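Got a structure for you, written out below as structure tokens; questions coming shortly.
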Amino acid sequence: MNLNWTAILPEIFITLTALGVLGIDLFYTRYQKDKTLNAIVTLSGMGIAFLLLPFLSAKTQIFTSLFVLDPLAIFFKMVFLISGSMTALISINYLKMEGFDLGEYYGVLLFSILGMMVMASANDFILIYLGLELMTVSFYVLSGFFKTDLRSNEAALKYLILGGFASALFLYGISLLYGVTGSTEISYIAGYLTEQTRTGADSVAGVTSAVLSHPLLSLSLIMLLAGLCFKVAAVPFHMWTPDVYEGAPTSVTAFMSVGPKAAGFVVMLRVLLVALGALEKQWMVILAVISILTMTLGNIVAIAQQNVKRMLAYSSIAHAGYILLGIVASARVLTAGSASVVFYILSYAFMNLGAFTVLLALRKEDKQTGLMVPAMDLEDFSGLSKRDPLTAFLMLIFMFSLTGIPPTAGFVGKFYLFMSAVDANLVWLAVIGVINSAISAYYYLRILVYIYMKEPKVVQSVDNSSSLWVALYVMALATLLIGILPNLLFNVARASVVSLF
Amino acid sequence: MPYILCFTVNRFMSPIPLSYYLVVSTLIFFIGMLGVLTRRNVLIILMSIELMLNAANINFIVFSYYLNSLRGQIFVFFVMTVAAAEAAVGLAVIVYLFRNKNTVNDDEFSLMRW
Amino acid sequence: MSQKNERILSYLLKSIKYPGKQQITSCLSRRDTSVKKYASFKHEEKDLTAFLIFSTLAILGALLTVTARNPIYSVLFLAMTFLQISGLYALLQAEFIAIVQIAVYAGAIMVLFLFVVMFLDVKEIATEKNFHPIAPVCLILALVLLGEFLVFIFYKPSREGGLSETVTAVGQIYGTAENIGRTLFSQYLLPFEVASILLLMAIVGAVVLAKR
Amino acid sequence: METMLWVIPALPLLASIVTILGGKRWIREKSHWLPCIGVGISFLLSLITFFQVWNRGTLHQVLYSWISSGDFQVNLTLQVDPLTAVMVVVVSGVSFLIHIYSIGYMHGDEGYHRFFSFISLFTFSMLMLVLSADFLLLYVFWEAVGLCSYLLIGHWYYKKSAADAGKKAFIVNRVGDFGFGLGVMLLFTTFGTLDYQTIFSRSGEFVGKTFPMFGIEFDLLTLTCLLLFMGAIGKSAQFPLHVWLPDAMEGPTPVSALIHAATMVTAGVYLVARCYPLYNLAPKALFIVALIGGFTVFFAATIGLVQNDIKRVLAYSTISQLGYMFMALGVGAYVAAIFHLVTHAFFKALLFLASGSVIHALGGEQDMRNMGGLKDKIPGTYWAFLIGALALAGIPPLAGFWSKDEILMGTFKAGYYVLWILGSATAFMTAFYIFRLIFMTFFGDFRGRHGVEHPIHESPPVMLYPLTVLAILSIFAGWMLGFPPEHGFIHTFLAPTLAETQGTAPLPETTEGGAGLMFFSILVAALGILTAWMFYVKRPEMPVRFAETYPSTYDWLLHKYWFDEIYDTLFVNPTKQFANFLWQGFDDSVIDGVINGIARGIDVMSAKLRRLQSGYLQQYALSMVIGVIVILGIYLLIV
């Protein structure tokens, strides 16, 4: 068997780094006061993996085509590594402040990134499932990382049970798909189904062949959709999201709202557009309805939230709805649609991580104990512009971007998404999307109203650790740069999806 | 060579139609789902999830048999690994939940809502 | 293929009076695993009986698992279910998986569950209300979904006629340890490594969470 | 050079960014260097561009495409046609001079770096505004110059009046920009693009098309033009949105000179001139432009007659002069409008800078009643001021005469006799108020407090050089550009831009009566100066007597036609009262239904929907199951 090992070099590096981080904890514990060393090793490992990625030859398949390294995979791995390293940066001081400065955090974080990277490259449902579980199980651990915090406990429990439930549904779908098509390999399934379409069309003009209209295939499609929709938090499989996001440590929430979601979408792209591309008529309608429900419910319920973390959780549900809209559009306009999806995911990664980081950095004085505790409520943001204009301004950038106000990444991303919907003759869908972003302005800008127009209600302080601020600057800069120079990146996104089809 | 799913298998090949197996797996899947939906005890919910995974496993093995491919069996092997991992982490979560709250009933964990 | 596994399987098959055991054990005893040798293998009518026994017990066990008041009983019923499912695997010529099912599921995982059940205060748990107040609604909804599933499974597409003719011969590949092992360590090496990392991660995670 | 167009705005931007980032900590009192050098180089490049346009015609440069999705593209395109070339040279030139002037004027200010950074940023925005090749970019930088103006008016933000003035400018401009934004949207829905060339070349197709709004069919082009003109009214401080400009004088004087006299306020004129192809097809809109311009000319000048704050007189003068430009555009004297824009930029900047020099000399004193007799104390400033005043008054051969006279001539020839009378009367008043200013400031005895008199000193050379350059320009620019009338350099230069417009009705090519009109306006101007001399030098008690004889008129003018009060009573107070009325008089449900209905509806829905999130894990699983059930059920029913 001819193995091209270089293609999985980044994954190997991440694994070795994870083992190294765990090793440091084992053998080096007594010499170190805090876990900064672990963080540094983590960051450098991710950095090396990131730098390796562009040098790998794209479009290689190894392990008898289980694993592909196409531009799409490279693009998404970069997204994972960037958001992962940002998460590591913002975690350093946060974990110390919360009193859970454990080295295993970074190890588990790396394992979850490894899972995502495997998902991005998987060309076989076996690998997709394993990557998905590696990622999910890591997040069970991460979301319950604050062991004495009851909310964190609850988040871990809810994520564990519902995640297990969803992955059982997903697995059932895979098993049926295997039964119908005889394989679990994505490119094989795609070829098989398109062949069926062709022969079916040959025999009786205009009628889909029996395999394509086979009920078990439809059933498996729905089960797969249910599992994937759970991962990307689409209605009605979204219920876990607000609770888990609220309860999990903020750094984990920040990553959870970006990494697994992006991984879910890359799998969705491969499964729906490639493997089940022949069934587009079937999934398009379902997904369109889910997309509308997702963004509408996410946006509307977000309005009622007073807890900013929970509000951002609902907002991330709404954003999943926008991205699903792009996937629906790509059923008709393949390249433009999926390119807009990929582009939006990257923009979303920066702006959402940024918003969560500001939330994480902000602390307030607890009235009873006098200790600084994480600020979560809308009220805690009031008058931030007077206390700390720079942080306030960064939050403004992120909120503008999430709302979709130019010249930020969010605007351009939404623009491409809605434009691809229009190109796909789904104007009504684009209109619903635009209405939804108008609704979303209500709660995003409300935060800014609190920040800029109210007087401070509580004593606030902002985390001043340099690692956090490096991450914050990077994200704000990226949010602005993507908004100012979107075309460069969009071409990259387009090039990355072209290889899919 | 296209693999096609069949329901009415030649009796000389196998006396047990594929659909029988599918019914069994579906029933087990649903019993597992019922467990998740109705039980309060988190431990039993975890077990129910294991049941659901096993139902999917039965499907894999059955299809593997009827399709003449080993892939399904390999998949089941990996599913077992995953189930073990999930069970380990899940039980760890349950243990520390019990330590903090002295209960393993899922409806007593509703601190976060709305 | 180790001698040990072989013995366990034959023991298992003997103990459940499997009608076709003669054939299977004879297959196992031969070292040759090439697929062609088994091509002529034929099922007997009695397979159906075994299937019915296994599946009935499995479903019953599953039902008892989710309805048992005491988690300990649940664990035991679950173990029983797993054993029956393992029997189904054996019927489908997936020997290695059948063994692993017993070793991993009925063995390791169930013991883990049992350990945790014992660790927690069993008595207190057992006396509480077992079901949610809205359980009947769940039951009805689950039955609706079950109905839908069954419709999907038994529903025949209008132009299905031509399909059954192209059915391939069934059960020609044996899931022996050797077959599985060869495939696993050649074609599926990468998933195997990922699975091992997953296990390592689970151990680390479990330790982090459960240690005081 | 064609590919280097972007350098022109980029240099001020770069200078601005570096200055704001490093100003406070590292550059400090050297903050002026980068902006001055940057703007200076851009000015040189603008000149080169100008000559290139002269030789080769319009230049284009696509910088990069911001967004492209299928057919839809938003390109960042720069374009220099003759109109833009004139604007670019004026903007960068005047801006450069004012940068230099500010070195002296702002010396020692604690916000020194901030000032230079913002004024440089303003130059960038203004250059981009005139360089842009489509309405989107125009709109973006239209807002950007507004923002810079806001920041600079509020430069001394700790002064309440300055902060209020900034706010007022911002809000009043918002009213105009609202219309402008609607206009741009209307353009986009009509043409499917915002590119100038496409819109102007295709505008002929839409003549006579209507656009339904509120159930009434509006003429499409007229509506578009009027909406765009709303933006111009706001930015160029025309009646009735002129109220912000006099208050904007709270900003530092260089800001008043650059933004509120020479460049930003002319953006409205530029806009209408730029959209002339559209206006040409909408004569009704042009008529309204002429009407508003003509009225503003007269009305602002009357207020200017009695103001006592030196900068406010100039502010009203600016409003009035901008009115001339709109009047010219409205009557079809397109070139005359741009010509006046150029000459006005020179002499009004000169006047403002000179007044700044006066204020500087008097240590911040702005009230003319406390001045007088400064002629000998600050002779340089005096001469500069005098040249500016003569140019403004329209005394040949200074700049203002040629352009203003051409406007009046154009108005007369186009048959707008009423407007011509208003314009001529204003010419008289202009001469009067500007010489009133001169006489009150530089002649007679010093009326200020004695303590102030002592440190009166001539401004440093760094402030006088720009004055000299502007004075020279005020003397020569007029006849160099505009002689002979209607066939001067500027006319031939701008001809290509005008030729692009469709269906332009050229003005009758007669100079018949031209000499007579010219003589008449010289007479009027001279009469104005003479009257001022009579009032303020010969018999200084006359104005007081005049005010006592006609107290109501005087009051009326002094209080600027009570415009601020009228707005207070008409808009601000009724809004408050109406709000009170609604609050107290109406049932909550009515308010909910009418104003907050939708928002409240969403709120209620939000509050209801969030209850779905019960917090019980098992219900979450149930929701997933229900989701699958529903999808499968729909499948069974449909497929």
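List of remarks:
Which chain is which? They are A, B, C and D, in the order written, and residues in each are numbered from 1.
The criterion applied here is as follows: a residue touches a chain if its C-beta (ideal position, glycine included) is under 8 Å from a C-beta of that chain, and two chains touch if they have at least 3 such contacts.
All values reported here derive from a predicted model rather than from experimental measurement.
When chain pairs are compared by their number of contacting C-beta pairs, B-C comes first. Remark: the per-chain Cα centre closest to the mean position of all protein Cα atoms belongs to A. Each chain gets a centre from the mean of its Cα atoms; for chain B and chain C, those two points are 9 Å apart. In terms of their C-alpha centroids, the spacing between chain A and chain B amounts to 26 Å. Annotation: 34 Å between the Cα-based centres of chain A and chain C. Spacing of chain B relative to chain D, judged by their CA centroids, is 72 angstrom.
Looking at chain A, one finds that residues 126, 130, 133, 137, 140-141, 144, 147, 156-158, 161, 165, 169, 211, 213-214, 216, 218-219, 242-243, 304 touch two or more other chains. The set of chain B residues touching two or more other chains comprises 2-5, 32-33, 36-38, 40, 45-46, 57, 62, 66-67, 69, 74, 78, 82, 85-86, 89, 93-94, 96, 106-107, 109-114. The multi-chain contact residues of chain C, meaning those touching 2 or more other chains, are 132, 138, 141-142, 145, 149, 151-153, 163, 188, 191, 195, 198, 201-202, 205, 207, 209.
The touching residues of chain A, when paired with chain B in their complex, are 125-126, 129-130, 133, 137, 140-141, 144, 147-148, 150-151, 153-158, 160-161, 164-165, 168-169, 171-172, 174-176, 178-184, 192, 195-196, 211, 214, 216, 242-243, 246-247, 304, 310. On the chain C side of its complex with chain D, the touching residues are 132, 134, 137-138, 141-142, 144-145, 148-149, 151-152. Listing the residues of chain C that touch chain A in their complex gives 149, 151-153, 155, 157, 159-160, 162-163, 186-191, 194-195, 197-198, 201-202, 204-205, 207-209. Of all the residues in chain A, the ones that touch chain D in their complex are 157-158, 161-162, 165-166, 169, 213, 218-219, 222-223, 225-226, 230, 235-237, 239-240, 242-243, 282, 286, 297, 300-305, 336, 340, 412, 415-416, 419-420, 423, 439, 442, 484-487, 490. Against chain A, in their complex, chain D makes its touches with residues 64-70, 72, 599, 602-603, 605-607, 609-610, 612-613, 615, 617, 619-621, 623-624, 626-628, 631-632, 635, 639.
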